[in-house]
């Protein structure tokens, strides 16, 4: 837990508004306001060594009026912190979910952001290609992972 | 029966076509005489004989035998009782004789060389791969993995789930295959949607898109089940009427 | 020069359920865009309507050739969320079954690689030899490919009697066969010419694109979730992570063959060290984990599999996110195929071991 504590201290020093937790060993979780991007991303990549995105998740909370987008980051280039997965979450308003795309910081995020866009309706600005990826080309319904999209018969 | 003395040789008369007027009718039962077509098919199917005529009738009515009359200018020259004679048009005669064997040969050729299209639809494709391996060896039934174009294939195995994006492509592949073509719906997902029945992107079974010949349940079906499906399809083809 | 656009797939002997839109200028590929989604079944949405135990058959279907690898991370995630313990024998059995699945998946990969390159003997041999391992799986778990064997708290049933002897016979058979594969395929001059120097992925590009699994280890980075973050009894076992620095298709193939050998080594150790005891902890079948979220990762045959599960205290997950290795290897298509020959397309495609079902979920 030493390395996780160090990371927590570094981030708290630079970005005081971010809420950082260490839920278990090997996990650091961070909830950040939107205006810290992209500086927070660049800091995490260059100073802390988290060089790729393992997944981008969107969770729909209709009762809170939010869509929460979580980036999970990991490191290949620094073997001592390979065991750590850092998650950065941002809360976006449900009706107008948009944020800056982090493809310029982490090219590995490109397909993940595209999938989050089509599944949850989150707009990533400055993304190179935000077309439909997994859904059929003629999809005109709600984004499927929103909670108001119900499955057949459920 | 009145028989007249020989007028000319029997053979020359029997080979000639009989110029019967087409509107000769039997008075009692109002049936017309069919025209004669040559020696073997020369027959008159009548049930009674008209008065005032020199044509005589077959008074018996046995199912498969006919009395063949050779007549000349209205006079009976010869008569024979011949079994199993077909009376009618020549083209229909050929078709009836050749239909059974020809259909057998065409079906035999089709069923022992069913070539599936190389279209992997979903996870049952792993079992289709396993069915071609040396242990289950579906090639002994004629089902080759024909890696050429789909224009040479006649079997479409829909392996597993068909999503909404894949369905038009599946239909297109099916349309591009030449006749005769057959479809096997493999796996629970191809029959009813299977485990993914409530998904937003999955068709509940493919029989709304394609006409299916054999359904193979299972998730995934064992290779032995797929081989049984191919054998069932072969039985179906063996007994099919028509040439497609 | 004029460019021609080709559609390769989804009906093509050289593609799976997947389309590649390739622009070709003569023989050189100028652009290759992957078009996944032909098998998108909406598993993540469906998982929100099913209980935790009911999700297991759903989640093992995407990766049917390595179904234990995809469910392992899910079961670990549920155990961490709900705070369940797993008996030691069950941990050993899970490691054993995961490694057997890895061998099965790599043999499947080898067979399809053979047929993509036109070597049909190399299609038949691994497929046939894979049946030896499938028989083992069938004896222990009941079916050939989709087992539903891993459950939160252990495994569904114990290993049958005589399993150890049959397993040792099977892996000794496989070891002999690996030598023959080497002779006819890996040392085949045609194979060497078609894969050496083809589709080179340098180390820094591999890190930037975020690829996983043997694709990553073929580019010189020895990251593996079994060593980075050991789970179950992997920290008690001795095994190496094969890594090759060149980054071409040949390196990636060598990584996978070496991984089969390392899996055989792990299986031997597990069979020796397996303790007696319970195979499953007693747990309620309808689990209601407390509020919270968890992120777990395991090393499946194709790479790192990760699950992010959020629970609100109900009996169904609130959000289940799957991070599959094939989806993470997708950027490598565009990157590697640009500038290569059209005939190298199947070589590069299958050396990445892209499984469309796993990427589309």
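For clarity, chains are labelled A, B and C in written order, and residue numbers in each chain start from 1.
Simple rule for what comes next: contacts are C-beta pairs under 8 Å (C-beta built on N, C-alpha and C of every residue); 3 or more make two chains touch, one makes a residue touch a chain.
This one's a predicted model, so the numbers in the text were calculated from it and none came from an experiment.
Peer 1: By C-alpha centroid distance to the whole-protein centroid, which chain wins?
Peer 2: Ranked by how close its C-alpha centre lies to the overall one, first comes C.
Peer 1: Any idea whether B-C or A-B has more C-beta pairs in contact?
Peer 2: Contact tally favours B-C.
Peer 1: As a quick test, compute the distance in whole Å between the mean CA positions of subunit A and subunit C.
Peer 2: Centres of subunit A and subunit C (C-alpha means) sit 25 Å apart.
Peer 1: Between subunit B and subunit C, tell me the centre distance in angstrom, where each centre is the average of that chain's C-alpha atoms.
Peer 2: That gives a centre separation of 49 Å.
Peer 1: Any idea how many Å lie between the Cα centroids of subunit A and subunit B?
Peer 2: 64
Peer 1: Could you say which residues in subunit A touch two or more other chains, in rising order?
Peer 2: In subunit A, residues 135-136, 144, 149, 151, 154 touch at least two other chains, as defined above.
Peer 1: Tell me, which residues of subunit B touch at least two other chains?
Peer 2: Counting only residues that touch two or more other chains, subunit B contributes 163, 165, 198-201.
Peer 1: Note the residues in subunit C that touch 2 or more other chains, in rising order.
Peer 2: 37, 40, 42, 45-46, 49
Peer 1: Spell out the residues on subunit C that touch subunit A in their complex, using ranges where they run on.
Peer 2: Counting only subunit C, the residues touching subunit A are 36-37, 40, 42, 44-46, 49, 80, 206-210, 216, 221, 223, 228-229, 292, 295, 297, 304, 306, 308, 310, 318-319, 321, 323, 327-328, 330-331, 360.
Peer 1: Quick one: which bits of subunit B touch subunit C in the complex? Just the residue numbers, please.
Peer 2: Of all residues in subunit B, those touching subunit C are 117-123, 125-127, 129-130, 132-135, 147, 150, 161, 163, 165-166, 169, 173, 195-196, 198-202, 219-220, 222.
Peer 1: In the complex formed with subunit B, which residues of subunit A make contact?
Peer 2: 135-137, 141, 144, 149, 151-154
Peer 1: Would you pull the subunit C residues touching subunit B in the complex into a rising list?
Peer 2: Subunit C residues touching subunit B: 10-13, 16-17, 37-43, 45-46, 49, 57-58, 61-62, 64-65, 108, 111-112, 124, 127-128, 130-131, 134, 144-146, 357.
Peer 1: How about subunit B: which of its residues touch subunit A in the complex?
Peer 2: That would be residues 163-165, 197-201 of subunit B.
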